[in-house]
Amino acid sequence: MSTPFLPPERYFDPDPAQRKIALALYEAVADLPLLCPHGHVDPRLFADPNYTFGSPVELLIIPDHYIFRMLYSQGIPLKTLGIPRIDGGKTETDHRRIWQIFADHFYLFRGTPSGIWLTESLHAVFGIAEKLTSANAQHIYDQINEKLTSPAFRPRALFAQFNIEALATTDAASDTLEHHQTIRDSGWNGRILPTFRPDAVVNLDTPNWRSEIDKLSAASSLEVTDYASFIRALENRRAFFKQMGATATDHAAQTAYTKQLDVAQAEAIFLRALHGTATADDAVRFTGHMLMEMARMSLDDGLVMQLHVGAYRNHNPVIFERFGKDMGADIPLAMEFTQAIRPLLTTYGNQPNLTLILFNLDETTYARELAPLAGHYPAVKLGPPWWFHDSLNGIRRYFDQIMETAGLYNTAGFNDDTRAYLSIPARHDVWRRASANWVAGLLVRSIIDEANALAMMHALAYDLTKKAYNL
Amino acid sequence: MSTPFLPPERYFDPDPAQRKIALALYEAVADLPLLCPHGHVDPRLFADPNYTFGSPVELLIIPDHYIFRMLYSQGIPLKTLGIPRIDGGKTETDHRRIWQIFADHFYLFRGTPSGIWLTESLHAVFGIAEKLTSANAQHIYDQINEKLTSPAFRPRALFAQFNIEALATTDAASDTLEHHQTIRDSGWNGRILPTFRPDAVVNLDTPNWRSEIDKLSAASSLEVTDYASFIRALENRRAFFKQMGATATDHAAQTAYTKQLDVAQAEAIFLRALHGTATADDAVRFTGHMLMEMARMSLDDGLVMQLHVGAYRNHNPVIFERFGKDMGADIPLAMEFTQAIRPLLTTYGNQPNLTLILFNLDETTYARELAPLAGHYPAVKLGPPWWFHDSLNGIRRYFDQIMETAGLYNTAGFNDDTRAYLSIPARHDVWRRASANWVAGLLVRSIIDEANALAMMHALAYDLTKKAYNL
Amino acid sequence: MSTPFLPPERYFDPDPAQRKIALALYEAVADLPLLCPHGHVDPRLFADPNYTFGSPVELLIIPDHYIFRMLYSQGIPLKTLGIPRIDGGKTETDHRRIWQIFADHFYLFRGTPSGIWLTESLHAVFGIAEKLTSANAQHIYDQINEKLTSPAFRPRALFAQFNIEALATTDAASDTLEHHQTIRDSGWNGRILPTFRPDAVVNLDTPNWRSEIDKLSAASSLEVTDYASFIRALENRRAFFKQMGATATDHAAQTAYTKQLDVAQAEAIFLRALHGTATADDAVRFTGHMLMEMARMSLDDGLVMQLHVGAYRNHNPVIFERFGKDMGADIPLAMEFTQAIRPLLTTYGNQPNLTLILFNLDETTYARELAPLAGHYPAVKLGPPWWFHDSLNGIRRYFDQIMETAGLYNTAGFNDDTRAYLSIPARHDVWRRASANWVAGLLVRSIIDEANALAMMHALAYDLTKKAYNL
């Protein structure tokens, strides 16, 4: 009953035959470069060659709502964790104290993906080969802190060390992409791509929608005064993003509802929005219409279309008012695709030249709706398990419920979808291990043969993502 | 990491103890005859003793939407696969070219049930002991083609070779069952049963409903002019089907909604339908009412009632207009039974003499609704995992989520539900292997003992189906 | 392929490495006392030191709807099982005959939790080391019958033998708790706690709601004439329950709907109810409002708030009219929490001093809604798998789908939720074995280390429950 620290066969099923195969499959792809086609890393990290991460707490805790939501759930106030407040209130500034609180409560992360990612990251990036505890907390803080000051821990240096082939950021439609321009001008050879995410102007219920429209006008140098100019401005920005290296767009909606409006309806709703009189129903219908428009534009300009649906954002108003968005208070909703997304698929689903990658947080849609849709419509691909489901069990359930019906080749490989830059290698490694374990399970059951197993493993680790995102 | 071709212990869990038990259990039932109480094989196959299947493509690809939907999902047009068009358009006629395309893309089926069934069928029926590849495609085509011309590959000969004890077809209420009559008259001893499926006249929104009613009048020699004569005609047809050997009916609806209408309401809706003025709501209410009527008739005539709900048929209008129905574009819907089917169960659910077998495509209903309903109501039995879920993972999830609450003896064994005649032995074999693996898992965990294990295995392979369908 | 009777490693996964660890973890907690914070055992059992259980049938079959629902589902009328009728009809009185029917059909329980609990209970409590069969039925009946007459089988004696540290009953708001008083006065040291369950007065659609209000008035010595006096009476009763040892309340609703009404609305609805004119919508809104009130009161008096939602009670009116409630005819409903419970969480969810324990029967809410809610809101904890899901597979799915996102320490350990007193040790034992198997699975995969494994095991078997229920 003894377990060494991070043994090579970790996370694999215990059966010796399956484990042996899984390890061999994993090792065959472990050194492949990382493709990161969707995530939330700040491009500033790469624009400034001398960018530093600050303290271990600024690096690992304050930006990671996966971490502090769990501490909050056990009654630890966010302000004691140094989370910046938007209501002007005080927050803890002693980072050593914050780190100690984290270490004292690290037991809360037993068996969680956050626990795995943190332990793996501390080990892989900082060489820390012991579990974080109350006793070693300050010593580990010192080790991280010291390393963070050295040039080897600049984002660009880590980009090379992490063996990242390409990393896509997520950027507003009105973003000037100045940091991306700076990166290109700098002559650095790291491949950082923007992703076109127009939610703030497409979803009429966005806070400050009106000012977002003004930003869009400014960025596109096209005065957005009506629906037609709005569409022109979006097309203008997509062209700019594509020229800046983007290969994909991303869209978030609370549901998968899609329905084309005629131009007069779209115009009427858009004008109501401009006059601040749009209703909640207007917003739902306009988003449903704009998803159709985005598919049309993707068919024109070839940008891959990503759709993330099903999160009830900022579920906790107390936290939202005090700390803002992305504070670990987004809760999934039950989803329906079969009827909701049918209008879009009726118009665009049969286009082999369109790639629509679907993500959602309701696993019941995997076998029931997503796999059958992906197993029929040429345009549809399925994104990897999203958010809470990017975990050992979540990945296993995804393979279990999707692959038989959708087929492996209608999926889009992996993306880390993270703002926690240091966790990227750990997240890809967990995916590759979970993939190896799944493929090994098929081989040891003689569902596939060895040649298939190696090909499927390579596809999961690299090929599927490269193809789906045109990287 | 070496895997022989179709080894005897294939599809079993890798643990040596469980695998050994699973193999022993499987071998104990492997030679039991096959009961096929629900499927879509064309009775013509058996009416003509000299029926031949045509080319390998006509046998294995053109009739199997499980196969071509996957090729289509990867951008291969259906017309290049020889799928007949209803819009008069051209389709590929060179079957060797179609077969080559299939072989070139056979990798798409890695880890899918279609991949397993095809490989198993080619091996069991045609003795092909290698994986289909681009290289061996034409050679394998030759092997199949040659065998298909020999008498040993006539449907009746295969019926004996497959060791099928009984096979039920699915037939419209207005079907004359001429082929079934021909089979009986021929003196051949194969047991082919019709199944009464009145959807086309019971679901008012059926395309050409009116002409289907005329066919019903003709077949029953009862002029259907109102609701009363409609009911009489249906009773007349049920009696005829029963006399022709039917032991069951089958009903498809988009939801499990049931509610008795009073005669006046039913009459009013039916007359609107006859005058072509029925609404969508009329259709829903009439179907819900007719399911009650069908339960009443089953209680009278003893025909087992099957209910399949939850498929959004012909989801892709582009494909439907060009190629018609059953083209791999039916997508499941989330289902609700607890409230929807309560009216039917309130009236008929307590009848031990009624057998109502439920099927649907939303696995979330397994543990939540279906198992508790089957574990209480004497009339309710649960059908095997349907369609997309007739797979190794689907069967495992079915056992996992249903058996603890419903109890094995409230399930209805297996049916292959296929129009692909050659795949029948493979489908039953996969079920028997998956069943053996599940029972072995219970035994190796000491949840049951050896005597139980053997009895449960036999029930799953044969007894449950025989009893549920009165075969 | 030989399986000894109830071997020590039963219910564990077959992999030898995992099994060895699971057994060691199980044995480390097997002798810990049992905490039973939620259940339906009748306090009369402990009020009378000489209470006897009657016949084996009165002990094991008549009170256990888990058992007789399964027999009923196979066509065995409840009256032949001696289930008392409320319609005055006759029922079987020959208990030996009933027991024989049960034994003849015990095969129906193969692989079910009821089968496991019964076998384990007969073994642990009565020393019966063989499977119940038609042949040994009467002999086993004799063995049980004989033991039941001896003092060692009085409830108080078994309480000590079962090593129960605390057992909570479930009691109506108007309950006088006389039996709890008798227990306290008796000087017996067994800890029996009441639980405050006000459903009958809080849910306006309760049959005989009006007379329940009168009972509440009587019990609280506060004339309930309006909403204000209703609230006062409830607060009065909560204080009394707390003084009698209660640490928790329990609330049942068909959905998780919560919404505060203003006092005028609440008053209006309550008065309509008093006048017998409340609508179904009134009932829904009032329950949703009272759940908010109950959270408010729990914040005041510190009683832990349990919420059980999602059962369609008395689904079968035929059985309800003849035999009454709790007859195995309650069927789960699909549930939604994210939006329904948000009003309550907005007002009270951020309170670390409130403990709200959620239960429901729709497993799709585990990973999708419950785990994310518990992983964020300080007040939310998740109860163990409820009812049909208190089974080996149900517990495994619960761990699989909840723990990664919620974290172990946002769950509330185990409760047996049973009225079958004798099954309590078996139910806790199954939970501890399933827990050991899960923790062993994490350790053998190196997701956690040995120290974590032991701590998690102890938490699952004892600590989490003690903390969540303030025992």
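Brief remarks follow.
Order as written gives the chain letters A, B and C; numbering starts at 1 within each chain.
In this section, contacts are C-beta pairs under 8 Å (C-beta built on N, C-alpha and C of every residue); 3 or more make two chains touch, one makes a residue touch a chain.
Owing to the predicted nature of the structure, the values given are computational and were not obtained by experimental measurement.
Shared contact partners of subunit B and subunit C, listed by label: A. These two copies of the sequence, subunit A and subunit B, are related by a rotation of 120 degrees on CA atoms, to the nearest 5.
Here subunit A and subunit C face each other with different sets of residues for the most part; under half of the interface numbers are shared between them. Averaging C-alpha coordinates per chain places the centre of subunit A 40 Å away from that of subunit C.
Annotation for subunit B: residues 13, 15, 364 touch two or more other chains. Against subunit C, in their complex, subunit B makes its touches with residues 13, 15, 17-18, 20-21, 24, 336, 338-339, 342, 345-346, 349-350, 352, 364, 367-369, 371-378, 380, 400-401, 403-405, 407-410, 441-450, 452, 455-456.
Here subunit A touches subunit C in the complex through residues 1-7, 9-15, 69-70, 72-75, 107-113, 116, 131, 312, 315-319, 328-334, 361-364, 388-389, 391-394, 397, going by the rule given at the top.
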